[in-house]
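Look at the two complexes coming up: chain A is in both, with chain B in one and chain C in the other.
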Partner chain A sequence: MAIADVAEYAHLTKDEVEQLGREFDAIRAEIEESRGAKDAAYINKVITTQRWMAAGARIGMIVSSPFPRARKPVLAASAVTLGLAKILENMEIGHNVMHGQWDWMNDPEIHSSTWEWDTGQPAEQWKHSHNYIHHQFTNVLGVDNDIGYGVLRMAREQKWTPVALGQPVYNALLAALFQWGVALHDLDLEAIRKGQKDPEEMKRQLKQIAKKGRNQILKDYVLYPALSGKEWKSTIKANATANLMRNIWSYLIIFCGHFPDGALHFTEEELEDETRAEWYLRQIFGTANIEGGPLFHVMSGNLSYQIEHHLFPDLPSNRYAEISPRVQALCEKYGIPYSSGPLHRQYGQVLRTVMKLSLPNKMTKDDRPPTGADITIEHRRKAEEERQIRRTELGGWSRSAS
Partner chain B sequence: MTSSVPLTSPPFAWPHGSLDKGKVVQCALSRVCGGCGTSLGRPIAFLGTTEEVDRNAFHAPPLHEACARALRETGIAGASVVLTAGFEYVRPTADALDRRPTFVPNSIIGPA
Partner chain C sequence: MTWERVRKAADKLTTPLLPDDYLTLINPLWSSRELRGRVEQVIPETEDAATLVIRPGWGWRYDHRPGQFVGIGVQVAGKYQWRSYSVSSPPVKSGRTLAITVRAMPEGKMSEHLVRGLKPGTIVRLATPAGDFVLPDPPPAKTLFLVGGSGITPVMSMLRTLDRRNTMGDVALHYSSTTPERMIFRTELHELAARHPGLKLHERHTDTDGIFGWDGLDHLCPDWRERETWACGPAPMLDAVELHWAAAGLADSLHLERFSLAVTGDGGEGGTITFQNSGKEIEADGATTVLEAGEKAGVGMPYGCRVGICHTCTVTKISGTVRDLRNGAEFDQPNEQVQTCVTVPVGPCTLNL
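Let's look at the complex of A and B:
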């Protein structure tokens, strides 16, 4: 739908939209001005804690190997600790550092250009598919690959085919193997299926993914198990458990940020000449928060404040909690929805969408505000050539073109 | 560290001689260099006119230091280079006469 068709938006005049934009600008300016030593201490503390957790877990797996009686409990504790360390590294540290949230510190290591994270996807490809495509074209059908990750049908506008019947199974597989789903994210599976992907760029990306993936596998399934001697098999199991924990958790947080019923989908046309205030609004409409305690927020990389993150993707994540009530108050003041709920409720809605959209539209009822009467993605793509030009500009495969 | 990747010709964010809006956004968000299109380094360089330096807001996207120096020679976006660790990406407002996004270095290291 075009943003002007959103019922909760239609009552705002152009001036009111711009006024709301200025109120968000003021929040942004305030955080930028007060950003400093306290914030730097926070991220340094999180990184130190994460490293001790990871090191403790790896050491636990190695030193417990000659002691049969202690092995089981130490291994279990190590697996869980490693899983939590990976979650912290991917969510609160890696994701946020790569957004440039901490670049202002001028730290040689904690910088968007140097951070490489503990997961299958190369940082460079993440910065393209996530920071750019997902954050610029948030919930825009046919562009934002986060809508179903190229595997699931998550919007009624996406054409139904019998392949969708398997969605409940694909969904479970995507959750369990999420790091590899993310690793393939920037390849743009849909473009490959349609034969629109530049083969040279695909080759370059695949090589990068293979290298990163190999290093990840070597570390967790060869090197550290080898250090456990005869107990290598149980160390492999422990590392697989840690990876599974991280995969399911990050899948949950990411899916709950954009697929609960309150999050809307948009079409490409409305992006042209969008103002900052309109951009803010589209971010709010396309996003949903998850409620929880302080530890929950840290472990979710503060992506539980998904609305605040989408409004201000490059402000330090530790500040989202303090601006959240202000954002919520502004939404109330201007009569626009602020979609938020506990994890079980948000995920319940996500799962319902996965199930429902495995069937043709006529067999199910829409749970979210309708995204436009009879738009289908196929329908929307009037001219393939026009689209081709557009997508080249989008990048991903643009480097080799220039 | 500054990489020595060569500029593409034409420069990545200037595919037709002038700044391309889509490429500028891409550079800003995926944190790639407007000169060569590869991942940015640290520090980040901005190329602009003296007015842009004075008001600390640039139209040209972030660059590698080496790419900024090379682009300075072409006169494509001004003669001053500023080095910074980070920057704010500022989208245009409805009342702005100039509807191009700007970049505000937020941790300036110095001129180059």
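Let's look at the complex of A and C:
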């Protein structure tokens, strides 16, 4: 079941919602004002650490190859270090830089317009599918392609077909091959299946993906193994392990941000005349946090603060920790649920949904709180001309809001 | 060239980064991705001015023309701030450093930081030399330099070049400063004048002697009409010089360098946006975003949400000012990254598109 009007669902008056919006705007303004040398030092330190880790791991794999006795432990340590480096690069660095979180530094080398990340998907396509489609239309059925990524049925409103029976298998495959799932994401598999994709655009995107993917594969599975000489096979294994580590970890964090029971869905009616304050409200209802220690937050790219990230996608990630208690206090004040839990609980709920939704709705019980009309949505992204209209409207509210 | 080829081949190992991104872990200057430099020395010149000796990193070519300026980007409170300063060192092909001389301006946070807050070892960003306030090669037979205050810096680069190449010729230098102590390069100028009989140095200390009246020029330098003239200094001085030369019908032999930016037109919003790479130009009013204007001009603008969230539309603004519609913040730094979907031009501006 999905929400058609977020303000009504939250039992808030129009004025209360707008007041809440102003409180969020105030937090944003305060953080923007206080960005400075400490934040810049933080991201530079993370980048330097990550690059040393990656370089160390690669060099370790090469120089240990002629020494049979040292090979095993060095290779194992290198594989793990490379995996951690890839996780850091993709999540705390790449994802956040591409969101424009560090654009304020005016550093052309750490900038959303120039960053390219260490994964199969070209940055340009990611910025469209993620920054725009997902963050603008978060959890709106039929519009946000992140609800199941066109592969899984993650909302009861999505039509059941016998194909869904294989969900547990698709889910495991998606986790293991997450990098490539993400790489194909902006193609919009759903649109292709329905023949709604512009073939010219698809060709352009595929070419871009092929070029990027080729370089990624060449690096991990041809060049570095070749540099390890006779030990090439074990280097391939080590690199595959590193990529698998990164794939499973990023899959886990991302799924736990949007698919636990506390993250709700919306119908397209919600988007009509939605104000910026209502957009904020939808972000809170549509996302969930994961609890953990400071290192856990860094390794998850601070996406464990998924609610804060969705409210302020372009504020520096190292500040989400201090924003979080303020957001919680506001949620309490306005009586809005703030969905948060440890990784095992959040993922447990995700897995349960994957399993349950592989079956038709009538065979299972809904775990989410009742939200609204029981409707069925054909998953379909808005036609291009309709989206153009929506863009202009949004431009209007954003400006008049401040 | 082989080195270039090795680095290019190494691309495949470091993709999607460049080998330079890893080499900078060892030495921050080993990168040609962005022009960088390391501050080697900060030499005090006067109480409020200092010369920064900078060692440029890879990719820098020591071929600036005497009188040109360079852009320097320094991280202040986490943010790269860009300013332009005249190069005061002469161009030397085999050089390893370049020097700029900066005076701390009252209210000038950045110049204050450069003069007093910059420690040797700091890594800065550089932009290639630019500007047409330059000395031709070979130099004219008779030259007049009119200098006010820190306007001496580009002229110093020219004088040092003339000295190095031993082509000083007949040069008159009129140098105004409030007091002798605030006169940058005073000692070096005295030495130059002692060595080159052709160089006539005239100093004026405006605190005691008052401001120079241009009617006095006939007396000070009777043949000024025959001289190719370069003038650099505060705006009122340059305005007076410009008028004086125009009145004599000699505007063609006068070269000016203005340090202070002209105040933006009538203070109203809107302006002409120039797209550097495509050469397109469009007039935009204060309600049309840079993105909308660019699209109207037929430029392939990057865009995403169009409401300032996704940063897909961010591009480099080379010069000019834009205002953020959301909060009124103005972005007036050269080489600044701006979100085109939520900004409007304030006066003319140029984008790297």
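What we mean here is this: the second predicted complex is superposed on the first by the 364 of 402 C-alpha atoms of A that agree within 3 Å, B and C clash if a C-alpha of one lies under 4 Å from a C-alpha of the other, contacts with A are read in each partner's own complex, and residues count from 1 in each chain.
Quick note on the criterion: contacts are C-beta pairs under 8 Å (C-beta built on N, C-alpha and C of every residue); 3 or more make two chains touch, one makes a residue touch a chain.
Small disclaimer: the values here were computed from a predicted structure and weren't measured.
Chemist: Aligned on chain A, chain B and chain C: do they clash or fit?
Modeler: Here chain B and chain C cannot both sit on chain A without a clash.
Chemist: Between chain B and chain C, whom does A:Lys38 touch in the aligned arrangement: first, second, both, or neither?
Modeler: Touch partner of A:Lys38: chain C, not chain B.
Chemist: Going by the contact rule set out at the top, does A:Cys256 touch chain B (first), chain C (second), both, or neither?
Modeler: In the superposition, A:Cys256 contacts neither chain B nor chain C.
Chemist: Looking at the overlay, does A:Thr48 come into contact with chain B only (first), chain C only (second), both, or neither?
Modeler: second
Chemist: For A:Gly100 in the superposed arrangement: first (chain B), second (chain C), both or neither?
Modeler: In the superposed model, A:Gly100 contacts both chain B and chain C.
Chemist: Pick one for A:Tyr132: touches chain B only (first), chain C only (second), both, or neither.
Modeler: A:Tyr132 sits against chain B and chain C alike.
Chemist: In the overlaid three-chain picture, which partner chain does A:Glu18 touch, first (chain B) or second (chain C), both, or neither?
Modeler: So A:Glu18 only meets chain B here.
Chemist: Applying the document's definition of touch, where does A:Thr275 land relative to chain B and chain C: first, second, both, or neither?
Modeler: first
Chemist: Name the contact category of A:Ser113: first (chain B only), second (chain C only), both, or neither.
Modeler: both
Chemist: Going by the contact rule set out at the top, does A:Asp314 touch chain B (first), chain C (second), both, or neither?
Modeler: In the superposition, A:Asp314 contacts both chain B and chain C.
Chemist: Check whether chain B or chain C contacts more residues of chain A in the superposed model.
Modeler: Of chain B and chain C, more residues of chain A lie in contact with C.
Chemist: Looking at chain C, which part out of 4-12, 238-246 or 292-300 clashes with chain B after superposition?
Modeler: After superposing on chain A, the stretch of chain C hitting chain B is 292-300.
Chemist: Taking the stated contact definition, name every residue in chain A that is touched by chain B in one complex and by chain C in the other, in rising order.
Modeler: On chain A, the residues that contact chain B in one structure and chain C in the other are 98, 100, 103-106, 108, 111-113, 127-128, 131-132, 135-136, 314, 394-395, 398-399, 402.
Chemist: Which residues of chain B touch chain A in their complex?
Modeler: Residue positions touching the partner: 8, 10, 12, 15, 20, 22-23, 25-26, 29-32, 37-44, 85-95, 99, 106-107, 109.
Chemist: Okay, in this complex, where on chain A does chain C touch?
Modeler: Within the complex, chain A contacts chain C at residues 29, 35-41, 48, 51-52, 55, 58, 98-100, 103-109, 111-113, 116-118, 127-128, 131-132, 135-136, 212, 215-216, 218-219, 223-224, 313-314, 391-392, 394-395, 397-399, 402.
Chemist: Please output the residues of chain C touching chain A within their complex, sorted ascending.
Modeler: 12-13, 15-17, 21-22, 25, 33-34, 73, 75, 77-82, 302, 304-312, 314-316, 325-327, 333, 335-337, 339, 341-342
Chemist: Where on chain A is chain B touching in the complex?
Modeler: 14, 17-18, 21, 32, 98, 100, 103-106, 108, 111-114, 123-124, 127-128, 131-132, 135-136, 273, 275-277, 279, 314, 393-395, 398-399, 402
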